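Working notes, structure below.
Per-chain numbering from 1; labels A, B, C, D and E assigned in written order.
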């Protein structure tokens, strides 16, 4: 579905009906700097074929833009640049990282964005960009920058959400209660791995954007891409740190299990000892000797019960003091 | 065994009897672009010697094509390019990754594929390729691309099957039942290592194909090889993630064993405590004091049994409530 | 807030009122080598906008200088160099590593330092530098060097403080007492990770400073930056070693828990055995056989109690000797 | 000891008495391509000094050839190339990897091999090489290739033997019996580390041989060295995989120990429970109540014993069913 | 303190009083190749200032030579090369690795060695070098080589001592006795880390020495530095292997603790079972049934005791046979 489409001249929007679009006229004209930005959301094959024919896009790139499971990458073709980015967002309800994809076809006088999946809205990117006329003056590269910038901003939000999750897991691991953090840590590790797979392959291409090493990217726009590259690097480092922290938290969780097992064992043993003393006393007075003075005492029975109670209380205090109970 | 053999002119097949093959005629001709594609499956040494003599293949490469345990590699010789790929497929019955090998001799006017092991069928590759005339126009490189593409597609299938296996193991590790996942995780790690050994050494050569850095690979075909290189990179990343997930799942499995041991210990201890209280009561009324009023009660025995039962039920409830039972 | 501002000529300070600052006059003059050093501490946006307009700073760099969570980096712009450093200091009270940020705008005839957060005082850097006239002769690069040097010196202090903490944890892990080091090691790992994130990204840019690969950095000052680069490398290596030691200390801590659990189990078992022998003796003399000579002994009861005591003492000694108690 | 010595002309052997060797005559001659191959086995210092004087070998290289603990390396000197290789072989009796050393001095018209330790026989290398006249035509490089090829073939054998050992350990770890695999895995890890130290440093120099980047190595022989480089790479990958598998097998072994401990504990607990029930029944009928009907039954004793037996059998079945016994 | 000082001409020593040293005369002379070697041991600041003034050393390098905790490094200055090496030696008494430092100032006609800490004696280096006149002919570089060679030889000794320690720990871990190896392994890991920090940063600069990439190092001396570089690489590999072995030994130690805990538990349980059977028998004959034939037997008591003894012996044998005792 074509979400929006417009021609930009001198940084100002000039509405455009895709049905009546005549690229030849645009290209034959002397106004260099004019360019078309067409935004699509989950187009079907037929629609994409029409767009592809209009701008003579390379079939391999078109295919990649339609399937939503590409690796993030930047590929120069003869007359265009093809960029694939994973979009990431954090589903608060499901406490999960969700992924989508944005493909960008970047030519001399056009830029086409193809979005797969929900999440990041490119409409707001367009609105923001139209408000910054001097940026639009960089031509199609400005659109690529704005899209990358927004997507990478979302990476930072996702990384921040994961940082919160790791903080929670940490608090849980070190809380005095017994907690079942194994699965939670595992799921977080899995999400961290997913974010890493979206972010890591972008580091190198964004650096190359930042040095204006790609065609159709004017050198003056390189500072902006350097800003994006910087954010990608920062997210990447945060993610590596989170991964390391999760591993350490897991080890700490294991240590806690061991410590708790030890505490349980000592607590159990202490109670067993208290019961054993009672049983021993009962056993002693259950012996059948003829000459056992206590057996004939008036309050021998009370004495025996008292002995049991006292030794139990005594042991209880000893164990309490030594930390076993 | 020679499976199929044909000469291609302008992207169209021209059948060819290998017995009557006269390379001199082909080469003396003025039709540049003609090339022969000969497909062999597990040829014996004698057959391979004949083919080798016909196309003047280098003996070291011929030897490598016959033994099925080569490293994946791309080796330029003076007048040809020698490519070795591991084929991978997933044996559903045995839940195992199987490996084979395809060797490709790529010359100016010929391409020879030598397959070892079952699995990937190159006949279907040939059929698909013959249907895409424009691709065949790239010459022998088109065949190399088509074979690589098919084999790497199989890598993706294998990786997907392993992803399913890892998901199953994950579910098993975190299921409430007691599971014996140690061996299963180990076997999966082993298979992941096997896939890595097939995929990892291909990353660099495929990148070089993608930049048309090899002879006999026309620059226009580089986009296609870039697509293959991209798939290899994606499989490689998936495999690394799976490896990491398996390690984490193993640690989680270990944590589960510890937790279960702790739970068992507490359950056992609770029952021991219940039995100990009964024994203690029995011991008390087994004492031989002269003056124990209960012993003379009419229902003293019932009282004692009731005391045992009540204290057992009481303890049972306490343990149930605190989660020990 | 502008903390201090001055013009330096031939390495000597010449006070300057920022309100009346006239850069044009400075620049039109023939005295090359004059430069302004303006130091700001947590300026608000309006203040920063004024400064930015005065020196024509790049808006992306200005934005980065205002938000306190940038990655350490060195970014060349057309007419200036932008440096971001994390400041680190060790809060003795809270036993924690705190972080701040210093951004440096380095031009031909000006240097602006923007500090975020408490901690490192740049006023003393200025005082020290003004006392070393020959250094100031290097121009704005001297200020950059002095600031980097001070900040990296602080890294070394923080690393030393962490080394002390690791030594303490080590002593605690291997002390004969039972210690709860899990959380402490975790927190230290987290702080080590924070220091690594501040230090690691600086290694490469400082190396480049050391080879005078940046503009506005005279070649003669490269030895000084090499000294800084060397300190950064040293801190980085110390941090890696600490990280490794913490991991090993954690494993050692786990091993201690296991060993202690084993010791507890043996101690408990020994006491259970001692109690069991008493109970067994009591049980034996509680049997109802007609013909049990001891039962009729005058001191049979004392004999039984003595038997219990002796066997208990005997067992106690045996266990003491074998190290179970 | 000089094992064998010969001059080769046009790939054919011409016997040569080392005592009467006159290099000047050889060198003054017009027959380029003639070269001497002298093979030594553990020569003493005096012998080596004579050889060294004859061919003017560099003293540092001579020293390295005499001590048997060098790193594998390739070092170009002004007028020769010095190669050190570790030889590896698997001692079946002792189930151990043994190491030796071969040093090769490679000049324009001579090649000297100095072997330390037992194991690989270079006599058979010479015999094989003399049967392949076309190879000998490459001159001294052919000898270097043949020796490297043989040694690296031995690496593959050692790697295969280690693979078998790892398979055995694996089978042992996952066998239902209780096994003590800790030490065996440790020893294997140690041997894998030894092989790695022999193989890893060779990867880069063999690659350089393969690109004919060294002097005295004709470009036409590069395909042969590429074959060797390929084998080195394969062994290196096998070794990395084995190392990883051993680590995983060790973890699996640890998991097994935990699981077995758990099983033991449950088995023990089950038997304790069975005994406790018997003791409880005995305790009940040992109580001294006046009114306990069972005590006066004719078959009360049998009833009590039966009660014990039945409850034991019942508990035994319960535990058997739940897998505790 | 100036330990020794001399001028060398054509490889021969010419004594020299530092007080009367006149560099101008030396430099004005036509005898190129003359150079001064001054050796200092822990000089104070004043002494160092005098030497520094005499040879015009760079203040940053001088400062580094005085503080004993520098990173190993090689820094070219305009008119000299500054080398810092860590010295390592093994204190047999304390079983510890000790560290010191040697700084080398290398100029065209002088070389100054500044040693911090005890350990390596440079006097013997000087004596050895003076005996090898051809080496001294390389000028100041010969001194640098000789010092590096000696220090790196010491690294090898330290590595060998650590290898012995690791062998001991290994033997201890796998000995049948119960050992407390945790702390020992930890301390060894720490020492290995210290050696690594001394050795690792030297690899690259020594390689550069070996390719004569530094000033004041004649190309003919490169073979000698290559020898040093080779030793550094070997030590570095040994250290990596030791680190890996220590980690594995630690894991094996952990596994042993688990296995021992399991054995203890089984041993304890067996004894508990033996005691339980005695208690059960005693309990049975303590029951108060009217009709219990054994109670009236003449030797009933002996029978009961015999039953206890027999069942205990029987159980003991069963446990012995199954390996629990």
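One rule holds in what follows: a contact is a pair of C-beta atoms (placed from the backbone, for glycine too) under 8 Å apart; a residue touches a chain by one contact, two chains touch by 3 or more.
Note that the structure is predicted; figures quoted are calculated from it, not measured.
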Handout entry: Minimal step count in the chain contact network, chain B to chain C
Key = 2
Handout entry: Target chain D, source chain A, minimum contact steps
Key = 2
Problem - Classification of the chain A:chain B interface as same or different, half of numbers criterion - result: different
Problem - Intercentroid distance (Cα basis), chain E paired with chain B, Å - result: 42
Fill in the blank from the handout: In whole angstrom, the CA-centroid distance of chain B from chain D equals 26
Practice task
With chain centres taken as the means of their Cα atoms, state the distance from chain C to chain E in Å.
Solution key: 26
Completion exercise
Multi-chain contacts in chain B, i.e. residues touching at least two other chains, fall at 254, 258, 261, 265, 272, 276, 279, 283, 286-288, 292
Practice task
Could you give the sequence of chains met when travelling the ring from chain D by way of chain E?
Solution key: D, E, C, A, B
Handout entry: chain D residues within the chain E interface of the complex
Key = 58, 60, 70-71, 73, 75, 77, 180, 182-183, 185-186, 189-190, 193, 197, 201, 250, 253-254, 257-258, 260-261, 264-265, 268, 271-272, 275-276, 278-279, 282-283, 285-288, 292, 294-301, 304-305, 308
Exercise for the section: Name, in rising order, each residue of chain D that touches chain B in their complex. Expected result: 170, 174, 223-224, 226-227, 230, 233-234, 237, 241, 244-245, 248-249, 251-252, 254-256, 258-259, 261-262, 265-266, 269, 272-273, 276-277, 279-280, 283-284, 286-293
